[in-house]
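Labels run A, B, C and D following the written order; every chain starts at residue 1.
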Amino acid sequence: MSQPFNIRVYFEDTDAGGVVFYANYLKFYERARTEFLRDLGYEQDDLLQQNIVFVVRNIHVDFILAARFNEQLQVYTRIESIKKASLVFKQEIFCQREGQSRLINEAVVKMACVKADVLKPTPIPAPIAVSLQQQQQREQDS
Amino acid sequence: MSQPFNIRVYFEDTDAGGVVFYANYLKFYERARTEFLRDLGYEQDDLLQQNIVFVVRNIHVDFILAARFNEQLQVYTRIESIKKASLVFKQEIFCQREGQSRLINEAVVKMACVKADVLKPTPIPAPIAVSLQQQQQREQDS
Amino acid sequence: MSQPFNIRVYFEDTDAGGVVFYANYLKFYERARTEFLRDLGYEQDDLLQQNIVFVVRNIHVDFILAARFNEQLQVYTRIESIKKASLVFKQEIFCQREGQSRLINEAVVKMACVKADVLKPTPIPAPIAVSLQQQQQREQDS
Amino acid sequence: MSQPFNIRVYFEDTDAGGVVFYANYLKFYERARTEFLRDLGYEQDDLLQQNIVFVVRNIHVDFILAARFNEQLQVYTRIESIKKASLVFKQEIFCQREGQSRLINEAVVKMACVKADVLKPTPIPAPIAVSLQQQQQREQDS
């Protein structure tokens, strides 16, 4: 599995229950996917200028443990499958507690590649598809 | 199906893609569940004082169409099933476009009843369980 | 003063301190300004299509009392001054507590009218300027 | 001036205008103040356990230039003044554009030290007050 993306829990992320508000885990996952693409060499503002954007088609999230204010989280992102115009990510959030790494949240995210102006499906551009497949291969090998 | 809860899309809800940011649909669903409980006679700040809170265990969301800035959305919330210490909601968001009501987003949300101080499962308090069952019955009858 | 815009405090608005997170009052003020313009007959998605958007140049916010989860807030919005390409709003948030209306937050917001594509100042379109002046006159008369 | 705190602009931070939503700069400033206190050796979750929290009394924000999706921002935080139970921060956000560091946003933030349970003013604990004064001295010397 590749290097995790680190996220600090700030006041903005929490709610009156004292823990991270449930919708905000989706922000964390989105940040981690952005950094995943950046690590592969793709900047989403460049992609937008090429009229390409990846949008979430569906997501399944399991809220296992609640992240608390000021905790440091590690978000792992890997590719589960790639198709012509879509791909599926598996993402997991861990937190260090009492010296142990605990899984606190996990998600499966199906994304579609769409034309940014009309939001209609379009094939993943070839260089990106190749990068994604190579990354998936590296993950399977490691 | 009961009356929908109306939500207006403000600038805060959108992102640079020009549509509602994907995590924000979970805010809309949470607001609608809060109003659903309120309609049944239960205020969550009262429940918190009784050390009761409902937390999301898992959620599956389908992003069908993108909601746009300034649109008015209708959120429908109904009970799919009730157990001793948990329940499942089915929620749907509709939008009026070109004179038609379009389904733009849907979610299945499993919630657990927990003690607010320790976040451990606890049975749904009897009066709330009865209210939920009666509401489920009314939805099935209608 | 015109009719207030009502806002319910949901979990998403609060933080681990148990009260509304300070940045979120700016969301409430923005919603109220959007409704203020709508009441005058102007929809901001229409304005965007005319390449017009109002942006905040500066804001001063006084956090007087903390709004709590599940409270119902009343936001009052009135025009303090209008210039060729900018205007100043005075906004106040009240909350009912122990049978009394309490001022909990207030803001002075300077906004500029800009071309949406280049974000450069442009005169407020004449019909809107007239509507704003008439509204300011009505507020002063009442 | 001390080291800046770096913030990346993600989709969650932007709005349909294509730039950072105005309320979100207050999130950036809060994150930077949290890191400022951490650098001085104070963790806010520890402070909360000692019933101490710093709350914003008032803020003045100037929105000079709009931050865009995917930009990297530098937030500078320094102490303007310290009193028995309150302090004032001056904060600035810079962005690198065309090889130049541009000031895009600035704020003056007055904070009060309060007891977390009752939100009533209380003197800044002596060790923190000393740390803040030393930091202010360092900033003035540099």
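The rule is short, and it goes like this: a residue touches a chain if its C-beta (ideal position, glycine included) is under 8 Å from a C-beta of that chain, and two chains touch if they have at least 3 such contacts.
From a predicted model like this one, the values you see are computed outputs, not experimental measurements.
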item: Greatest separation from chain A - chain, by CA centre; value: C
item: Distance between chain centroids, defined by C-alpha means - chain B, chain C (Å); value: 28
item: Geometric centre distance via CA averages, chain D-chain C, whole Å; value: 24
item: Averaged-CA centre spacing for the pair chain D and chain B, given as whole angstrom; value: 35
item: Overlap residues in chain C, where contacts from two or more other chains coincide; value: 11-12, 16-17, 19, 23, 27, 30, 48, 68-69
item: Chain contact graph, described as a line, ring, star, complete graph or other shape; value: complete
item: Contact set on chain D toward chain B in their complex; value: 11-12, 14-19, 21, 23, 68-69
item: Interface residues, chain B side, partner chain A - complex; value: 16-17, 19, 22-24, 26-27, 30, 48, 53, 55-63, 66, 116, 119
item: Residue ranges of chain B touching chain C (in the complex, touch as defined); value: 8, 10-12, 27, 30-31, 34, 43-45, 48, 68-70
